[in-house]
Amino acid sequence: MTPSLRTENLTIRFGGHAAVNDVSCAFRPGELTVIVGPNGAGKTTWFNLVSGQLKPTEGRIFKGENDITGLSPSARAKAGIGRAFQLTNLFPKLSVLENVRLVVQARAGQGPRIFTRASSMTDIRDKAYGFVEATRLASVAHLPAAALPHGDQRKLEVALLAAMEPDIFMFDEPTAGMSVDEAPAILELIAEIKKDTSKTVLLVEHKMDVVRALADRIVVLHNGELVADGRPGEVMALPIVREIYLGVGAEEVA
Amino acid sequence: QDDPVKIALLHGLSGSPLEAYSKQTHAGFQLGLEYATDGTMEVKGRKIEVIVKDTQFKPDVARALLAEAYGDDDALIAVGDTSSGVAMALLPIAEEYEKILLVEPAVADSLTGPDSNRYVFKTSRNSSMDMQAQALALQPDENLHVATLAQDYAFGRDGIAAFKAALDGTGANIVAEEYVPQQTTDFTATIERLFNALRDKEGRKVIFMNVAGIDAMTPLAAANPGRYDIELSSGGNILPALVAYKQVPGMEGAMYYYYEAPDNPVNDWLVEQHQERFGSPPDFFTAGGMASAMAIVTALQKAEEWDTETLIATMEGMTFETPKGEMTFRPEDHQALQSMYHFKIKVEDGVDWAVPELVREIKADEMDIPLGRNNQE
Amino acid sequence: MTKTISDTFERFGGVFLLPVILGLVAFLLIGRPSTWVTLTVAGLAMGMMIFLMASGLSLIFGLMDVLNFGHSAFVSFGAFIAASVLASLGVWVTGGSAAMNILALMAAIAAATAFGALAGWAFERIIVKPVYKDHLRQILITMGALIVAEEIILMVWGGSPLPVPRPAVLTGSFVFGNISIEVYRVFAFLLGLAVYIAMHFALNRTRVGLLIRAGVENREMVEALGFRIDRLFIAVFMAGSALAAMGGAMWAGYQGLITPAIGSEMMILVFIVVIIGGLGSIEGSLLGAILVGLMANYVAFLFPKMSLASNMILMMAILLWRPYGLKPAVKG
Amino acid sequence: MSLLVNTSRRVPVGRLVVYGVVLVVGLCLMFAPFLFPDVRAQEVAARICVFIVLVASYDLLIGYTGIVSFAHTMFFGLGAYGTAIALRTMGPGFDAILLGGSLGVLAALVLAVLIGLLSLRVKAIFFAMITLAAASVMMVLASQLSEFTGGEDGMTYTIPRFFSPANTLVEDADGKALRIFGVALNGRLALYYFVFLSSLFLFLAMLRIVASPLGTVLEAIRENEMRAEAIGYRVVSYRTAIFCIAAVIAALAGILRAVWLRYTGPDVTLSFDIMLDVLLMVVIGGMGTMMGAVIGVVIMTLAQFYLKDLMEAGASATADMPLLPDMLNPDRWLLWLGIVFILLVYFFPAGIAGTLMGKGGHK
Amino acid sequence: MSNAILRLDDVYTDIAQYHVLHGISLDVPEGGVHVLLGRNGAGKTTTLRTIMGLWRARKGAIVFRHHDITAMKTPDIARLGVAFVPENMGIFGGLTVEENMRLAAAHGRFDDQRLQRIFALFPAMEKFWDRQAHALSGGQKQMLAISRAIIEKRDLILIDEPTKGLAPAIIRAMIDAFREIAQETTILLVEQNFHFARALGETVAVIDDGRIVHRGSMAELAGDEALQNRFLSLSMEAH
């Protein structure tokens, strides 16, 4: 079957330093790939390239058949590439619910509507509320995002992504800074998404237990290069991975 | 004793540096009333009540205030404004309420032009007079070469146009017309252009400056035109501005007013009183304000009925005393024709500003001021 | 192809080439060398005076991220105070003795600058402090302050234009053949240069510049590192305001006749300079100021009609080429 | 210091007050000719109507989208000048108003699109500067093309006779204009209601816009541009769109202004002072709350027209005290306005309406 | 405890109109690593920020050594020898790594051997010494933030979730590092990562809804599943 997302020799240089270097790989629907790698390996940067926040120095990006290398972030979002950010990135003064509603509304292509009252579009509102509940934010639904503690902000971040209902989900350390009793909620949500075999899920994660629990496949980045790619068991067994990631000889990290 | 007759003064008193002019005008107006009524502030037994309104230099505000003055306060005559723009906006209101508007001290010719109307009179001089007088002051002939410097907007351009018209037929040659943006502060480039235009000419070479609100004199003098035997020439100005003239002793030009220039009892009284009350000699707009007051009082005394039509009839062609001597409202466009003064700059120590010594008075009839409109047909 | 060009461009000093290029082009168009020299010198001097005012704004904006529309108030105040001082010094100014003249001028400039610093302090405490990090409110509140300041000037000095006596030594101009250079401009140029050097040193050779930049990004963290950022910011603000006042003083002496509007008239020019120079970099302000100065003079000579638009056009062009100005210190 | 306001909690009171006030203002304007028959009040009322539209349209930019533009009066001016020039050249007639007005609006639209696409990408302050540049260029043009525009002094012209006081709408027995409560049903009255109703319509239209999905998107862009893009909104297009909408509405307001004043010049349309007024009004009223526009305009306008009279009284009352009368000198009323303004921005950053409704608080 | 270097006594903190801390009382003994655990929104960060003077306590007292710092200005608190690594790392993106460090170093001069130790600990710092900090990766930023805290000798370091987003390898390295740092200073550590906390902590306090709900030695908590489940409801098996 054709891959849902594919990068070809994807490369970006900042000055001399190649943050992502000639990365080619493909992802299939119904598969959850965890991208691991030491700090500074290029994971976030690779995400930025795919979701369009950064433009590659070389290489191309395909969604299914079509080349999306030239598209703007918004165009890619419309094309079904959804992405949550590592460093939380919300609409601080809007309420949690409004945050989510914006996404649903964008989905529904209702943005440009000028003369209908937003509040009258109950369907959109209800749908948004659904996502708020799913991420256990219902209790704070009416607080401005800025007032949430870090952990809840992370959850909202995930809620926004979920609300985009993309074909391709990209989570960048969704559980970072989330307390151990909160994390499961998010992981369940991801597991849910994973059940839908039409979706492709990419996940950057450092927490080993999470990786184990979810990964169908692991891709390892190091110094911007793709150094390993395969089933969790195999990859974790690779000496290079053990060295650079599980930190036998942590000196060389990053 | 019947109720007072109301005169409304509409001038910008806040929101612009020009407010100083408005205040001179008001001072002059008060003095004018006093002089004309021998201090009684009454005409034919009726008190004169002056209503002061601040137009804030905003045409829309001004219109509202004038409408109020005519409509609600029921003023008989209104006087204003300092900025030609605001005055322009006032004209239609006078027509709408069919009451007299006396323009002072705004100068633009257009105020008595086609867009004006028969309810508008004007005691302040207009640009044409400045320029006519200026031209005469240059004693133009074939070997006079003039380059002009003016600001690039209606006032500046109209001025130069009038100036050229005045030189027509005298044989004098205009070798360059330079227009600079209104707020120009750096004249180097313009000066270069002027010098380049004049430097190789034979005969008398003059740069004529017609600028308002900026100081072109200092840089021009500093660039020392003398080295190409170029003279400078410019109109008179308010006292603070005359300070800059100290750099150009001997410069000649024509001016609207300087307190030592006119020789008549009115002016003597004005100078004396002004010194007494404000500790300084009267300036341009003090004289103007006084003139407008005296015009009004004269009209009220002459007219047997105080309704607009009678007043208009009275004022058309009316001659009245002012600090500048006699003025006469021209029947056609209601512009008050008046003398101007040919001066020569002299630097006296002890005086803060350069003294524009009177060379000669240029009488109204020596200048032919184009008709703005004709209210007679 | 284009790449190689830009590379060589960068190699030979990058954007700092622009004034030179401009000068050359102008030379070809003008032809008459004497005229060209006169204009160029005039342009440089004008640039330097604008630089004095612009650098203050740029400093405050770039380093403290405060958009101070009230800046022009300091210019105006500087101008009027200088004027008053000169006037009060009477014969010192008009008298023949060069030394006394210079002293008088120095006194005037010093007075203006000192006032600028003082007023700057009050301004920062009262007006700006509550609105750090909030551009919109900064624009608004400083505009409010501007209104008040101009009214105060009207109250103190009255509305009528105020003549500024110019020290005898600084009147007139040097004349070599057909070249004439106003003495005052030479003076202005030198002063501007001195100020530039001083600022350059303060910001790059000391840790202050660093601290301020950090403070702009994250006040709290700088404090958590043990620095009293509020004092730092006051200092910067005072410096910026003082520069504005100094610029105003110079400008007043140059204009000869000043009105309370003097500041706001300069402001657009100053903003243009800061924008094309790039926010927060003193080098940028200098570059921008000189470009604007030269441009103004050349264009005024070659195509007088254009002279008003020229700076606007210059700004737009540069913004399209370099959206953050020529030499921005703070990106994004 | 985070300006957080809990939308969920303090709901009705403040809001009700604001809506109440706005409603009252609306009614006053609706019956202005009958409530305040004196001429000055008429002018004031009309000015308020027009400025409510102008300021509200500016609020769309600065309050809802966080765009700081100094070119708003430029668009206002385009509408006014278009109408004025047409009336002057074609003579009084509705055709002139229609043609000139629509040309003005068109010009505004085109310019807005150009400026928007060209420069809405760049940082906020730069945009502010570019608009400032554009505006001043326009001012220069207005003064340069004096044969069309009347230059600095502006131009006067006559409007359709239907709107002139001489025109009687309803005749009474002896052929004069019928009077109701002492108000003559003449052209003047018609003109006022023309202005009032057009303004009302435009204002309601804007209310609808901000309540629409677009409204929320704009706020999102204001809050976090990058993320808005990431969830699928083309920021530049939205920015440009709202910029154009605001420009067009401003131009329409300009038409009303030109027709009402029967005079058009830089000082009543283009000038930077007006831009400043608009800014003051929107802030005092409260950014990001349409209601704020109404309140801001009313307060400022009343101040401009009546504050001086008050101070006059104050000055004479305190005449014998030391420096007080000096400061209360009516000519210094701007001083006080400035101070009040600063205090407002300081203590009620959300403006009057904003603070009362616990909304806006733009940062 | 008498040898407490830092003592919070019934501290209440509000943020805007929200009451966040209601009566935090806490003693931090001199030396070693002491952990503050708690779920999201419990008030951990707020506690640290209140100590640092970045939020103001409405009520109660905070005493560092013998100074009452409750009402002190943040810079003065810092000058007493308190360093702070905030949740958002608080690095200066516009400055280079070096400049970031220089600001933290006394008089802007580096103590060479401390610097070397930092480089050994976080090679990325050396590698990107002249790189603008905004260009660092999430984790690298975190490292920079910590490096900045330890470039000088401090008496007390407040660290908010340092392991967030760090690769296990780094975390391991960091455990050793912190042990070493703890030789010379006291560390008050806010953590979510219990394993990390357990590896380091001597004493532990659990905070929930703005109150301290448990205090004791780490050993005790680590040993007692019940306690853990009660306060942390730890679900994950240790590994």
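So that you can tell them apart, the chains are marked A, B, C, D and E in the order they are listed, and the count of residues begins at 1 in each.
In the analysis below, contacts are C-beta pairs under 8 Å (C-beta built on N, C-alpha and C of every residue); 3 or more make two chains touch, one makes a residue touch a chain.
For each chain, UniProt lists the protein as follows: A, E = ABC transporter ATP-binding protein; C, D = Branched-chain amino acid ABC transporter permease.
A quick note: this is a predicted structure, and the numbers were derived from the prediction, not measured.
Trainee: Touching both chain B and chain C, which chains are there?
Mentor: D
Trainee: If I average the CA coordinates per chain, which chain comes out farthest from chain D?
Mentor: Relative to chain D, the chain whose C-alpha centre sits farthest away is E.
Trainee: If you average the CA atoms of chain A and of chain C, how far apart do the two points sit, in angstrom?
Mentor: The computed centroid separation for chain A versus chain C comes out at 48 Å.
Trainee: Taking each chain's centre as the mean of its CA atoms, how far is chain B from chain D in angstrom?
Mentor: 36
Trainee: Between chain A and chain D, what is the gap in Å from one C-alpha centre to the other?
Mentor: The separation of the two C-alpha centroids amounts to 45 Å.
Trainee: As a quick test, compute the distance in whole Å between the mean CA positions of chain A and chain E.
Mentor: It comes to 29 Å between the two C-alpha centres.
Trainee: Two or more other chains in contact with one residue: find those residues in chain D.
Mentor: Chain D, residues with two or more chain partners: 2, 4, 6, 140, 332, 334, 363.
Trainee: Would you give the residues of chain A that are in contact with at least 2 other chains, written as numbers and ranges?
Mentor: If we look for residues of chain A contacting two or more partner chains, we find 147.
Trainee: Multi-chain contacts only, two chains or more: what residues does chain C have there?
Mentor: 154, 308
Trainee: Mind pulling up the chain B residues that touch chain C in the complex?
Mentor: On the chain B side, the touching residues are 16-21, 23, 178-181, 183-186, 188-190, 192-193, 196, 213-215, 217-219, 222-224, 227, 238, 240-241, 243-244, 247, 353.
Trainee: Which residues, counting only chain C, touch chain E once they are in their complex?
Mentor: Residues 207, 210-211, 213-214, 216-218, 220-229, 330-331 of chain C touch chain E in their complex.
Trainee: How about chain A: which of its residues touch chain E in the complex?
Mentor: 14, 36-41, 44-45, 86-87, 147-152, 173, 176-182, 184, 206, 208-209, 244-247, 250-254
Trainee: Residues of chain A touching chain D in their complex?
Mentor: 51, 53, 72-75, 77-78, 83, 85, 89-95, 98, 101-103, 105-107, 110-119, 121, 142-144, 146-147, 160, 164
Trainee: Can you tell me which positions in chain D touch chain B when the two form their complex?
Mentor: Listed in rising order, the residues of chain D that touch chain B are 38-40, 42-44, 47, 140, 143-144, 146, 150-156, 158, 165, 261-263, 265-268, 273, 304-305, 308, 330-334.
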